[in-house]
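Two complexes are shown next, each including chain A; its partner changes from chain B in the first to chain C in the second.
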Partner chain A sequence: MKNRASLTLMEMLIMVLVFSLSAAICLGLFAGADRLSEETVRQDRAVILAQNAAEALKAGAEPETAEDGLYLDIREVPSEIPGLKQAEITVFFEKEAIFTLETGWQEVAP
Partner chain B sequence: MKEKNSKITDLLALLVFAVFALCLCLVLLTGARVYRNLVQTGEETYARRTAALYLSTRVRQSGTVAVEDFGGCQALTCAEEIDGEIYLTRIYCHEGYLRELFCAENAALSPSDGEKVLEAENLTLSLEGTLLTAQLDGQTLTFHLRTGKEALP
Partner chain C sequence: MKKKEALSLPAIGGSSLLVIFAVLCLTVFALLSLGTVQAERRLSDKGAQAVSDYYRADLEAEKIFARLRSGEQVPGVVETEGVCRYTCPVTENQTLMVELEKETWVVLRWQVILRMEETEEKLDVWDGK
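On to the complex of A and B.
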(Lines of atoms letter the chains of each structure in order from A and count residues from 1; the text may use other names and numbers.)
(Lines give C-alpha, C1' and ligand atoms only; values in the text may rest on other atoms or scores of the structure.)
Protein backbone atom coordinates (compact mmCIF):
# COMPACT_ATOMS: atom_id res chain seq x y z
CA MET A 1 0.00 0.00 0.00
CA LYS A 2 2.77 2.36 0.95
CA ASN A 3 4.69 1.35 -2.16
CA ARG A 4 1.64 2.06 -4.34
CA ALA A 5 1.20 5.51 -2.82
CA SER A 6 4.89 6.30 -3.26
CA LEU A 7 4.73 5.06 -6.82
CA THR A 8 1.73 7.30 -7.55
CA LEU A 9 3.56 10.25 -6.06
CA MET A 10 6.64 9.47 -8.15
CA GLU A 11 4.51 9.23 -11.33
CA MET A 12 2.87 12.51 -10.50
CA LEU A 13 6.19 14.26 -9.98
CA ILE A 14 7.47 12.98 -13.32
CA MET A 15 4.22 14.13 -14.93
CA VAL A 16 4.63 17.63 -13.45
CA LEU A 17 8.26 17.72 -14.63
CA VAL A 18 7.30 16.82 -18.21
CA PHE A 19 4.42 19.30 -18.12
CA SER A 20 6.75 22.05 -16.83
CA LEU A 21 9.13 21.49 -19.73
CA SER A 22 6.23 21.63 -22.24
CA ALA A 23 4.73 24.71 -20.55
CA ALA A 24 8.07 26.51 -20.65
CA ILE A 25 8.33 25.86 -24.40
CA CYS A 26 4.70 26.94 -24.98
CA LEU A 27 5.10 30.16 -22.98
CA GLY A 28 8.25 30.97 -24.91
CA LEU A 29 6.34 30.51 -28.17
CA PHE A 30 3.48 32.72 -26.92
CA ALA A 31 5.92 35.48 -26.02
CA GLY A 32 7.56 35.13 -29.45
CA ALA A 33 4.18 35.37 -31.19
CA ASP A 34 3.29 38.50 -29.23
CA ARG A 35 6.62 40.11 -30.07
CA LEU A 36 6.25 39.21 -33.76
CA SER A 37 2.77 40.75 -33.83
CA GLU A 38 4.13 44.00 -32.34
CA GLU A 39 6.94 44.06 -34.91
CA THR A 40 4.43 43.62 -37.73
CA VAL A 41 2.30 46.53 -36.51
CA ARG A 42 5.42 48.67 -36.12
CA GLN A 43 6.58 47.84 -39.65
CA ASP A 44 3.14 48.66 -41.02
CA ARG A 45 3.26 52.09 -39.39
CA ALA A 46 6.82 52.59 -40.61
CA VAL A 47 5.77 51.93 -44.22
CA ILE A 48 2.97 54.50 -44.02
CA LEU A 49 5.24 57.04 -42.31
CA ALA A 50 7.89 56.62 -45.03
CA GLN A 51 5.28 56.88 -47.80
CA ASN A 52 3.87 60.06 -46.27
CA ALA A 53 7.38 61.53 -46.06
CA ALA A 54 8.03 60.65 -49.73
CA GLU A 55 4.79 62.36 -50.78
CA ALA A 56 5.64 65.46 -48.72
CA LEU A 57 9.10 65.63 -50.34
CA LYS A 58 7.53 65.43 -53.79
CA ALA A 59 5.23 68.32 -52.91
CA GLY A 60 8.15 70.36 -51.58
CA ALA A 61 6.74 70.33 -48.04
CA GLU A 62 8.43 69.50 -44.76
CA PRO A 63 7.77 65.81 -43.87
CA GLU A 64 6.88 64.52 -40.39
CA THR A 65 10.08 63.04 -39.03
CA ALA A 66 8.80 61.34 -35.88
CA GLU A 67 5.63 59.54 -34.79
CA ASP A 68 4.82 57.18 -31.89
CA GLY A 69 8.35 55.98 -31.17
CA LEU A 70 9.36 55.87 -34.82
CA TYR A 71 11.67 58.44 -36.35
CA LEU A 72 12.87 59.14 -39.89
CA ASP A 73 16.21 59.85 -41.42
CA ILE A 74 16.05 61.41 -44.88
CA ARG A 75 19.20 61.35 -46.93
CA GLU A 76 19.43 63.00 -50.31
CA VAL A 77 20.97 60.73 -52.93
CA PRO A 78 22.92 62.41 -55.76
CA SER A 79 21.22 61.89 -59.11
CA GLU A 80 22.92 61.56 -62.48
CA ILE A 81 19.86 62.72 -64.38
CA PRO A 82 19.41 66.50 -64.37
CA GLY A 83 16.08 67.60 -62.96
CA LEU A 84 15.59 64.35 -61.04
CA LYS A 85 15.88 64.44 -57.27
CA GLN A 86 16.34 61.27 -55.24
CA ALA A 87 16.19 60.53 -51.55
CA GLU A 88 16.50 57.56 -49.23
CA ILE A 89 14.06 57.50 -46.31
CA THR A 90 14.95 55.22 -43.39
CA VAL A 91 12.59 54.60 -40.48
CA PHE A 92 14.17 53.81 -37.12
CA PHE A 93 12.80 52.28 -33.95
CA GLU A 94 15.12 52.42 -30.93
CA LYS A 95 18.18 53.03 -33.11
CA GLU A 96 17.37 50.06 -35.34
CA ALA A 97 16.46 50.63 -38.99
CA ILE A 98 13.22 48.79 -39.69
CA PHE A 99 12.26 50.09 -43.13
CA THR A 100 13.95 51.89 -46.01
CA LEU A 101 12.24 53.57 -48.95
CA GLU A 102 13.93 55.06 -51.98
CA THR A 103 12.04 57.76 -53.79
CA GLY A 104 12.57 60.04 -56.73
CA TRP A 105 10.71 63.00 -58.15
CA GLN A 106 11.01 65.62 -60.83
CA GLU A 107 12.31 68.93 -59.66
CA VAL A 108 9.73 71.58 -60.41
CA ALA A 109 11.04 75.00 -61.34
CA PRO A 110 9.65 77.70 -58.99
CA MET B 1 1.24 5.74 12.61
CA LYS B 2 1.13 3.83 9.38
CA GLU B 3 -2.32 5.27 8.74
CA LYS B 4 -1.05 8.78 9.42
CA ASN B 5 1.87 8.33 7.01
CA SER B 6 -0.53 7.00 4.40
CA LYS B 7 -2.78 10.05 4.79
CA ILE B 8 0.19 12.42 4.45
CA THR B 9 1.30 10.63 1.28
CA ASP B 10 -2.22 10.79 -0.16
CA LEU B 11 -2.45 14.48 0.71
CA LEU B 12 0.88 15.15 -0.93
CA ALA B 13 -0.21 13.38 -4.12
CA LEU B 14 -3.40 15.46 -4.14
CA LEU B 15 -1.40 18.65 -3.62
CA VAL B 16 0.92 17.84 -6.52
CA PHE B 17 -2.10 17.14 -8.73
CA ALA B 18 -3.66 20.48 -7.68
CA VAL B 19 -0.45 22.34 -8.58
CA PHE B 20 -0.41 20.53 -11.92
CA ALA B 21 -4.04 21.50 -12.62
CA LEU B 22 -3.37 25.13 -11.67
CA CYS B 23 -0.32 25.38 -13.95
CA LEU B 24 -2.30 23.78 -16.76
CA CYS B 25 -5.07 26.37 -16.38
CA LEU B 26 -2.54 29.23 -16.33
CA VAL B 27 -0.88 28.04 -19.52
CA LEU B 28 -4.25 27.63 -21.26
CA LEU B 29 -5.43 31.09 -20.19
CA THR B 30 -2.15 32.68 -21.32
CA GLY B 31 -2.44 30.94 -24.68
CA ALA B 32 -6.03 32.09 -25.11
CA ARG B 33 -5.09 35.69 -24.25
CA VAL B 34 -2.17 35.72 -26.69
CA TYR B 35 -4.34 34.26 -29.46
CA ARG B 36 -7.06 36.85 -28.82
CA ASN B 37 -4.50 39.69 -28.96
CA LEU B 38 -3.03 38.29 -32.18
CA VAL B 39 -6.41 38.09 -33.88
CA GLN B 40 -7.43 41.56 -32.69
CA THR B 41 -4.14 43.10 -33.83
CA GLY B 42 -4.44 41.34 -37.17
CA GLU B 43 -7.95 42.67 -37.72
CA GLU B 44 -6.97 46.23 -36.80
CA THR B 45 -3.91 46.13 -39.05
CA TYR B 46 -6.00 44.76 -41.92
CA ALA B 47 -8.64 47.49 -41.52
CA ARG B 48 -6.00 50.23 -41.32
CA ARG B 49 -4.04 48.96 -44.32
CA THR B 50 -7.16 48.43 -46.44
CA ALA B 51 -8.43 51.94 -45.68
CA ALA B 52 -5.05 53.46 -46.60
CA LEU B 53 -4.86 51.48 -49.85
CA TYR B 54 -8.46 52.32 -50.75
CA LEU B 55 -7.94 56.07 -50.31
CA SER B 56 -4.59 55.93 -52.07
CA THR B 57 -6.08 54.08 -55.07
CA ARG B 58 -9.02 56.47 -55.32
CA VAL B 59 -6.83 59.56 -55.22
CA ARG B 60 -4.40 58.19 -57.80
CA GLN B 61 -7.20 57.09 -60.17
CA SER B 62 -8.83 60.50 -60.21
CA GLY B 63 -7.95 63.36 -62.46
CA THR B 64 -9.24 66.14 -60.25
CA VAL B 65 -9.58 65.97 -56.49
CA ALA B 66 -11.16 68.44 -54.10
CA VAL B 67 -12.17 68.65 -50.47
CA GLU B 68 -15.68 69.90 -49.82
CA ASP B 69 -18.50 69.75 -47.34
CA PHE B 70 -21.21 67.19 -48.08
CA GLY B 71 -24.22 67.20 -45.80
CA GLY B 72 -22.14 68.19 -42.77
CA CYS B 73 -19.33 65.70 -43.53
CA GLN B 74 -15.96 66.46 -45.03
CA ALA B 75 -15.78 64.64 -48.35
CA LEU B 76 -13.03 63.87 -50.80
CA THR B 77 -14.56 64.61 -54.18
CA CYS B 78 -13.20 63.18 -57.39
CA ALA B 79 -14.62 64.38 -60.68
CA GLU B 80 -14.69 62.64 -64.04
CA GLU B 81 -16.34 63.38 -67.33
CA ILE B 82 -18.45 60.63 -68.93
CA ASP B 83 -20.20 61.30 -72.27
CA GLY B 84 -19.99 65.05 -71.76
CA GLU B 85 -21.47 64.97 -68.26
CA ILE B 86 -19.64 65.51 -64.98
CA TYR B 87 -19.90 62.72 -62.43
CA LEU B 88 -18.61 62.95 -58.88
CA THR B 89 -17.26 60.25 -56.56
CA ARG B 90 -17.51 61.39 -52.97
CA ILE B 91 -15.66 59.62 -50.15
CA TYR B 92 -16.65 60.54 -46.59
CA CYS B 93 -17.40 59.18 -43.12
CA HIS B 94 -21.00 58.95 -42.02
CA GLU B 95 -22.63 57.03 -39.15
CA GLY B 96 -19.58 54.90 -38.36
CA TYR B 97 -18.66 53.94 -41.93
CA LEU B 98 -16.36 55.16 -44.67
CA ARG B 99 -18.75 55.60 -47.59
CA GLU B 100 -18.50 56.12 -51.32
CA LEU B 101 -21.14 57.87 -53.40
CA PHE B 102 -21.01 58.04 -57.19
CA CYS B 103 -23.53 60.41 -58.74
CA ALA B 104 -24.10 63.13 -61.31
CA GLU B 105 -22.83 66.56 -60.37
CA ASN B 106 -26.26 68.04 -59.64
CA ALA B 107 -27.84 65.00 -58.03
CA ALA B 108 -29.70 65.79 -54.82
CA LEU B 109 -28.42 63.06 -52.53
CA SER B 110 -27.59 62.88 -48.83
CA PRO B 111 -24.66 61.29 -46.97
CA SER B 112 -26.76 58.26 -45.98
CA ASP B 113 -27.15 57.34 -49.69
CA GLY B 114 -23.49 56.39 -49.96
CA GLU B 115 -22.33 52.77 -50.09
CA LYS B 116 -20.55 51.48 -46.99
CA VAL B 117 -16.93 50.58 -47.68
CA LEU B 118 -15.27 50.10 -44.29
CA GLU B 119 -15.97 50.78 -40.65
CA ALA B 120 -14.48 54.15 -39.72
CA GLU B 121 -15.40 56.87 -37.27
CA ASN B 122 -13.78 60.02 -38.55
CA LEU B 123 -12.24 61.33 -41.77
CA THR B 124 -10.50 64.71 -41.74
CA LEU B 125 -9.16 66.16 -44.97
CA SER B 126 -7.01 69.14 -45.86
CA LEU B 127 -5.68 70.29 -49.20
CA GLU B 128 -2.76 72.72 -49.30
CA GLY B 129 -1.47 73.34 -52.77
CA THR B 130 -0.66 69.91 -54.21
CA LEU B 131 -0.50 68.17 -50.83
CA LEU B 132 -3.60 66.31 -49.69
CA THR B 133 -3.61 65.14 -46.05
CA ALA B 134 -6.21 62.66 -44.86
CA GLN B 135 -6.64 61.60 -41.24
CA LEU B 136 -8.69 58.44 -40.95
CA ASP B 137 -9.30 57.24 -37.37
CA GLY B 138 -5.97 58.64 -36.19
CA GLN B 139 -3.97 57.39 -39.15
CA THR B 140 -2.41 60.14 -41.28
CA LEU B 141 -2.04 59.67 -45.03
CA THR B 142 -0.36 62.16 -47.31
CA PHE B 143 -0.75 62.37 -51.08
CA HIS B 144 1.04 64.54 -53.57
CA LEU B 145 -1.43 65.34 -56.32
CA ARG B 146 0.73 64.96 -59.39
CA THR B 147 -1.41 66.95 -61.74
CA GLY B 148 -1.46 69.87 -59.32
CA LYS B 149 -5.16 70.49 -60.01
CA GLU B 150 -7.20 71.12 -56.92
CA ALA B 151 -10.45 72.50 -58.24
CA LEU B 152 -13.41 70.79 -59.77
CA PRO B 153 -13.94 71.41 -63.49
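On to the complex of A and C.
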Protein backbone atom coordinates (compact mmCIF):
# COMPACT_ATOMS: atom_id res chain seq x y z
CA MET A 1 0.00 0.00 0.00
CA LYS A 2 2.77 2.35 0.95
CA ASN A 3 4.68 1.35 -2.20
CA ARG A 4 1.69 2.08 -4.39
CA ALA A 5 1.16 5.49 -2.79
CA SER A 6 4.79 6.50 -3.29
CA LEU A 7 4.64 5.32 -6.91
CA THR A 8 1.51 7.35 -7.49
CA LEU A 9 3.14 10.39 -5.90
CA MET A 10 6.22 9.98 -8.08
CA GLU A 11 4.03 9.61 -11.15
CA MET A 12 2.16 12.83 -10.24
CA LEU A 13 5.43 14.69 -9.70
CA ILE A 14 6.76 13.56 -13.08
CA MET A 15 3.49 14.57 -14.74
CA VAL A 16 3.60 18.02 -13.14
CA LEU A 17 7.23 18.41 -14.25
CA VAL A 18 6.43 17.33 -17.83
CA PHE A 19 3.42 19.64 -17.98
CA SER A 20 5.31 22.68 -16.66
CA LEU A 21 8.19 22.04 -19.07
CA SER A 22 5.91 21.72 -22.10
CA ALA A 23 3.82 24.70 -20.96
CA ALA A 24 6.98 26.83 -20.69
CA ILE A 25 8.08 25.79 -24.19
CA CYS A 26 4.62 26.35 -25.69
CA LEU A 27 4.27 29.75 -24.02
CA GLY A 28 7.61 30.68 -25.55
CA LEU A 29 6.31 29.61 -28.96
CA PHE A 30 3.11 31.62 -28.49
CA ALA A 31 5.11 34.69 -27.43
CA GLY A 32 7.39 34.28 -30.48
CA ALA A 33 4.36 33.95 -32.76
CA ASP A 34 2.83 37.10 -31.24
CA ARG A 35 6.06 39.07 -31.72
CA LEU A 36 6.39 37.91 -35.33
CA SER A 37 2.76 38.83 -35.99
CA GLU A 38 3.36 42.36 -34.65
CA GLU A 39 6.42 42.72 -36.89
CA THR A 40 4.41 41.57 -39.91
CA VAL A 41 1.63 44.06 -39.24
CA ARG A 42 4.22 46.80 -38.76
CA GLN A 43 5.88 45.91 -42.07
CA ASP A 44 2.55 45.95 -43.92
CA ARG A 45 1.71 49.38 -42.48
CA ALA A 46 5.19 50.65 -43.35
CA VAL A 47 4.77 49.52 -46.98
CA ILE A 48 1.40 51.27 -47.27
CA LEU A 49 2.75 54.44 -45.64
CA ALA A 50 5.75 54.53 -48.00
CA GLN A 51 3.51 53.90 -51.01
CA ASN A 52 1.13 56.70 -49.98
CA ALA A 53 4.06 59.06 -49.50
CA ALA A 54 5.48 58.16 -52.93
CA GLU A 55 2.17 58.78 -54.64
CA ALA A 56 1.70 62.06 -52.75
CA LEU A 57 5.14 63.26 -53.89
CA LYS A 58 4.33 62.29 -57.48
CA ALA A 59 1.05 64.23 -57.28
CA GLY A 60 2.82 67.28 -55.82
CA ALA A 61 1.06 66.96 -52.47
CA GLU A 62 2.48 66.94 -48.96
CA PRO A 63 2.94 63.36 -47.72
CA GLU A 64 2.04 62.19 -44.21
CA THR A 65 5.24 61.71 -42.27
CA ALA A 66 4.06 59.80 -39.21
CA GLU A 67 1.40 57.28 -38.28
CA ASP A 68 0.89 55.07 -35.23
CA GLY A 69 4.49 54.80 -34.08
CA LEU A 70 5.90 54.74 -37.61
CA TYR A 71 7.62 57.78 -39.05
CA LEU A 72 8.93 58.63 -42.50
CA ASP A 73 12.19 60.13 -43.55
CA ILE A 74 12.04 61.61 -47.05
CA ARG A 75 15.43 62.45 -48.46
CA GLU A 76 15.75 64.20 -51.80
CA VAL A 77 18.22 62.39 -54.06
CA PRO A 78 20.11 64.60 -56.52
CA SER A 79 19.18 63.64 -60.06
CA GLU A 80 21.62 63.84 -62.98
CA ILE A 81 18.73 64.00 -65.45
CA PRO A 82 17.24 67.48 -65.91
CA GLY A 83 13.52 67.68 -65.30
CA LEU A 84 13.45 64.70 -62.94
CA LYS A 85 13.05 64.83 -59.19
CA GLN A 86 13.99 61.83 -57.04
CA ALA A 87 13.44 60.98 -53.40
CA GLU A 88 14.25 58.12 -51.05
CA ILE A 89 11.50 57.28 -48.58
CA THR A 90 12.46 55.33 -45.46
CA VAL A 91 9.96 54.19 -42.83
CA PHE A 92 11.30 53.93 -39.28
CA PHE A 93 10.00 52.30 -36.13
CA GLU A 94 11.92 53.22 -32.98
CA LYS A 95 15.03 54.25 -34.94
CA GLU A 96 14.99 51.01 -36.96
CA ALA A 97 14.45 51.26 -40.72
CA ILE A 98 11.69 48.89 -41.75
CA PHE A 99 11.12 49.69 -45.41
CA THR A 100 12.81 51.86 -48.04
CA LEU A 101 11.44 53.04 -51.35
CA GLU A 102 12.94 55.14 -54.13
CA THR A 103 10.66 57.16 -56.35
CA GLY A 104 10.91 59.77 -59.06
CA TRP A 105 8.61 62.19 -60.80
CA GLN A 106 8.72 64.79 -63.54
CA GLU A 107 9.44 68.34 -62.52
CA VAL A 108 6.56 70.49 -63.67
CA ALA A 109 7.55 73.98 -64.82
CA PRO A 110 5.80 76.65 -62.73
CA MET B 1 0.26 -18.59 2.11
CA LYS B 2 2.48 -15.78 1.43
CA LYS B 3 1.26 -13.31 -0.94
CA LYS B 4 4.07 -12.34 -3.12
CA GLU B 5 4.00 -8.69 -3.40
CA ALA B 6 5.02 -8.31 -6.93
CA LEU B 7 6.11 -4.93 -7.93
CA SER B 8 3.59 -4.08 -10.52
CA LEU B 9 4.39 -1.40 -13.07
CA PRO B 10 2.75 1.90 -12.12
CA ALA B 11 -0.35 2.13 -14.24
CA ILE B 12 -0.97 5.43 -15.99
CA GLY B 13 -3.90 6.93 -14.16
CA GLY B 14 -6.61 9.25 -15.38
CA SER B 15 -4.76 12.39 -14.29
CA SER B 16 -1.71 11.36 -16.28
CA LEU B 17 -3.83 10.82 -19.39
CA LEU B 18 -5.33 14.27 -18.87
CA VAL B 19 -1.88 15.82 -18.59
CA ILE B 20 -0.69 14.02 -21.73
CA PHE B 21 -3.77 15.25 -23.60
CA ALA B 22 -3.23 18.82 -22.36
CA VAL B 23 0.43 18.74 -23.39
CA LEU B 24 -0.47 17.44 -26.85
CA CYS B 25 -3.12 20.14 -27.34
CA LEU B 26 -0.76 22.90 -26.18
CA THR B 27 2.00 21.70 -28.50
CA VAL B 28 -0.30 21.38 -31.52
CA PHE B 29 -1.83 24.83 -31.03
CA ALA B 30 1.55 26.46 -30.45
CA LEU B 31 3.00 24.90 -33.61
CA LEU B 32 -0.10 25.81 -35.63
CA SER B 33 0.02 29.45 -34.52
CA LEU B 34 3.75 29.65 -35.27
CA GLY B 35 3.21 28.11 -38.70
CA THR B 36 0.39 30.53 -39.49
CA VAL B 37 2.41 33.56 -38.44
CA GLN B 38 5.41 32.43 -40.50
CA ALA B 39 3.18 32.03 -43.55
CA GLU B 40 1.79 35.53 -42.97
CA ARG B 41 5.33 36.87 -42.68
CA ARG B 42 6.32 35.28 -45.99
CA LEU B 43 3.25 36.81 -47.65
CA SER B 44 4.07 40.22 -46.19
CA ASP B 45 7.66 39.95 -47.44
CA LYS B 46 6.39 39.07 -50.93
CA GLY B 47 4.04 42.07 -50.86
CA ALA B 48 6.85 44.40 -49.82
CA GLN B 49 9.10 42.97 -52.54
CA ALA B 50 6.33 43.46 -55.15
CA VAL B 51 5.95 47.13 -54.15
CA SER B 52 9.75 47.64 -54.25
CA ASP B 53 9.94 46.02 -57.70
CA TYR B 54 7.14 48.19 -59.06
CA TYR B 55 8.65 51.45 -57.81
CA ARG B 56 12.09 50.47 -59.10
CA ALA B 57 10.59 49.98 -62.58
CA ASP B 58 8.54 53.16 -62.15
CA LEU B 59 11.69 55.15 -61.35
CA GLU B 60 13.41 53.68 -64.39
CA ALA B 61 10.43 54.66 -66.57
CA GLU B 62 10.41 58.20 -65.11
CA LYS B 63 14.14 58.55 -65.89
CA ILE B 64 13.54 57.54 -69.53
CA PHE B 65 10.58 59.97 -69.66
CA ALA B 66 12.75 62.82 -68.36
CA ARG B 67 15.48 62.00 -70.87
CA LEU B 68 12.97 61.97 -73.74
CA ARG B 69 11.55 65.31 -72.60
CA SER B 70 15.02 66.83 -72.61
CA GLY B 71 15.39 65.79 -76.25
CA GLU B 72 17.68 62.81 -75.77
CA GLN B 73 17.49 59.75 -78.02
CA VAL B 74 17.01 56.84 -75.64
CA PRO B 75 17.76 53.30 -76.85
CA GLY B 76 14.81 50.94 -76.52
CA VAL B 77 12.21 53.63 -77.14
CA VAL B 78 10.08 53.03 -80.23
CA GLU B 79 8.36 56.00 -81.85
CA THR B 80 5.40 55.45 -84.16
CA GLU B 81 2.81 58.03 -85.27
CA GLY B 82 3.91 60.57 -82.68
CA VAL B 83 3.71 58.09 -79.80
CA CYS B 84 6.79 56.96 -77.88
CA ARG B 85 6.63 53.45 -76.46
CA TYR B 86 8.99 51.66 -74.12
CA THR B 87 8.97 49.03 -71.41
CA CYS B 88 10.71 48.54 -68.09
CA PRO B 89 10.87 45.10 -66.46
CA VAL B 90 9.18 44.82 -63.06
CA THR B 91 9.69 41.12 -62.32
CA GLU B 92 10.32 37.99 -64.41
CA ASN B 93 6.67 37.91 -65.46
CA GLN B 94 5.66 41.57 -65.36
CA THR B 95 6.60 44.61 -67.40
CA LEU B 96 5.74 48.28 -67.07
CA MET B 97 4.55 49.47 -70.46
CA VAL B 98 4.66 53.22 -71.13
CA GLU B 99 3.18 55.16 -74.04
CA LEU B 100 3.70 58.91 -74.33
CA GLU B 101 2.40 61.41 -76.81
CA LYS B 102 5.47 63.11 -78.21
CA GLU B 103 4.02 66.59 -78.82
CA THR B 104 2.44 67.25 -75.44
CA TRP B 105 4.21 64.53 -73.35
CA VAL B 106 0.84 63.33 -72.10
CA VAL B 107 0.98 59.86 -70.61
CA LEU B 108 -1.26 57.62 -72.70
CA ARG B 109 -0.38 54.39 -70.95
CA TRP B 110 1.49 53.56 -67.73
CA GLN B 111 0.51 50.00 -67.08
CA VAL B 112 1.96 46.82 -65.62
CA ILE B 113 1.30 43.91 -67.93
CA LEU B 114 2.25 40.26 -67.96
CA ARG B 115 5.24 39.43 -70.13
CA MET B 116 3.26 37.03 -72.31
CA GLU B 117 0.76 39.78 -73.16
CA GLU B 118 3.69 41.87 -74.36
CA THR B 119 4.89 39.22 -76.82
CA GLU B 120 1.29 38.33 -77.92
CA GLU B 121 2.17 34.79 -78.83
CA LYS B 122 -0.63 33.00 -80.58
CA LEU B 123 -0.98 29.27 -80.75
CA ASP B 124 -2.03 27.81 -84.06
CA VAL B 125 -5.42 26.15 -83.83
CA TRP B 126 -5.85 22.96 -85.86
CA ASP B 127 -8.37 23.55 -88.62
CA GLY B 128 -8.97 19.92 -89.42
CA LYS B 129 -6.71 19.74 -92.41
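Some notes on this structure:
By our rule, the second predicted complex is superposed on the first by the 110 of 110 C-alpha atoms of A that agree within 3 Å, B and C clash if a C-alpha of one lies under 4 Å from a C-alpha of the other, contacts with A are read in each partner's own complex, and residues count from 1 in each chain.
Throughout what follows, a residue touches a chain if its C-beta (ideal position, glycine included) is under 8 Å from a C-beta of that chain, and two chains touch if they have at least 3 such contacts.
Here the structure is a predicted model, which is why all the values come from computation and not from measurement.
Chain B and chain C, once both complexes are superposed via chain A, fit side by side. By the touch criterion defined above, A:Phe30 lies against chain B and chain C together after alignment on the C-alpha atoms of chain A.
Legend: residue contacts after superposition of the two complexes on their common chain; A:Asn52 is shown touching chain B, with no touch to chain C.
Of the two partner chains, chain B is the only one touched by A:Leu9; chain C is not. Look at A:Glu76: by the touch rule set out above, it reaches neither chain B nor chain C. Once chain A of one complex is fitted onto chain A of the other, the partner contacts of A:Ala61 are limited to chain B, with no touch recorded for chain C. Legend: residue contacts after superposition of the two complexes on their common chain; A:Leu101 is shown touching chain C, with no touch to chain B.
By the touch criterion defined above, A:Glu88 lies against neither chain B nor chain C after alignment on the C-alpha atoms of chain A. Superposing both complexes on chain A places the Cα centres of chain B and chain C at an angle of 60° as seen from the Cα centre of chain A, in steps of 10.
Of all C-alpha pairs spanning chain B and chain C in the superposed arrangement, the closest lie 5 Å apart.
Overlap of the chain B and chain C interfaces on chain A comprises residues 8, 12, 15-16, 19, 23, 26, 30, 33, 37, 40, 44, 51, 105. Across the interface of their complex, chain B is touched by residues 1-2, 5-6, 8-9, 12-13, 15-16, 19-20, 23, 26-27, 30, 33-34, 37, 40-41, 44, 48, 51-53, 55-56, 58-59, 61, 64, 67, 105 of chain A. Those residues of chain B that touch chain A in the complex are listed here as 2, 5-6, 9-10, 12-13, 16-17, 19-20, 23-24, 27, 30-31, 34, 37-38, 41-42, 45, 48-49, 52, 128-131, 139-144.
Taken together, the chain A residues at the contact with chain C in this complex read 3, 7-8, 10-12, 15-16, 18-19, 22-23, 25-26, 29-30, 32-33, 36-37, 39-40, 43-44, 47, 50-51, 54, 79, 81-84, 86, 99, 101-106.
Those residues of chain C whose C-beta lies close enough to touch chain A in the complex are 5, 7, 10, 12-13, 15-16, 19, 22-23, 26-27, 29-31, 33-34, 36-38, 40-41, 44-45, 47-48, 51-52, 55-56, 58-59, 62-63, 65-67, 69-70.
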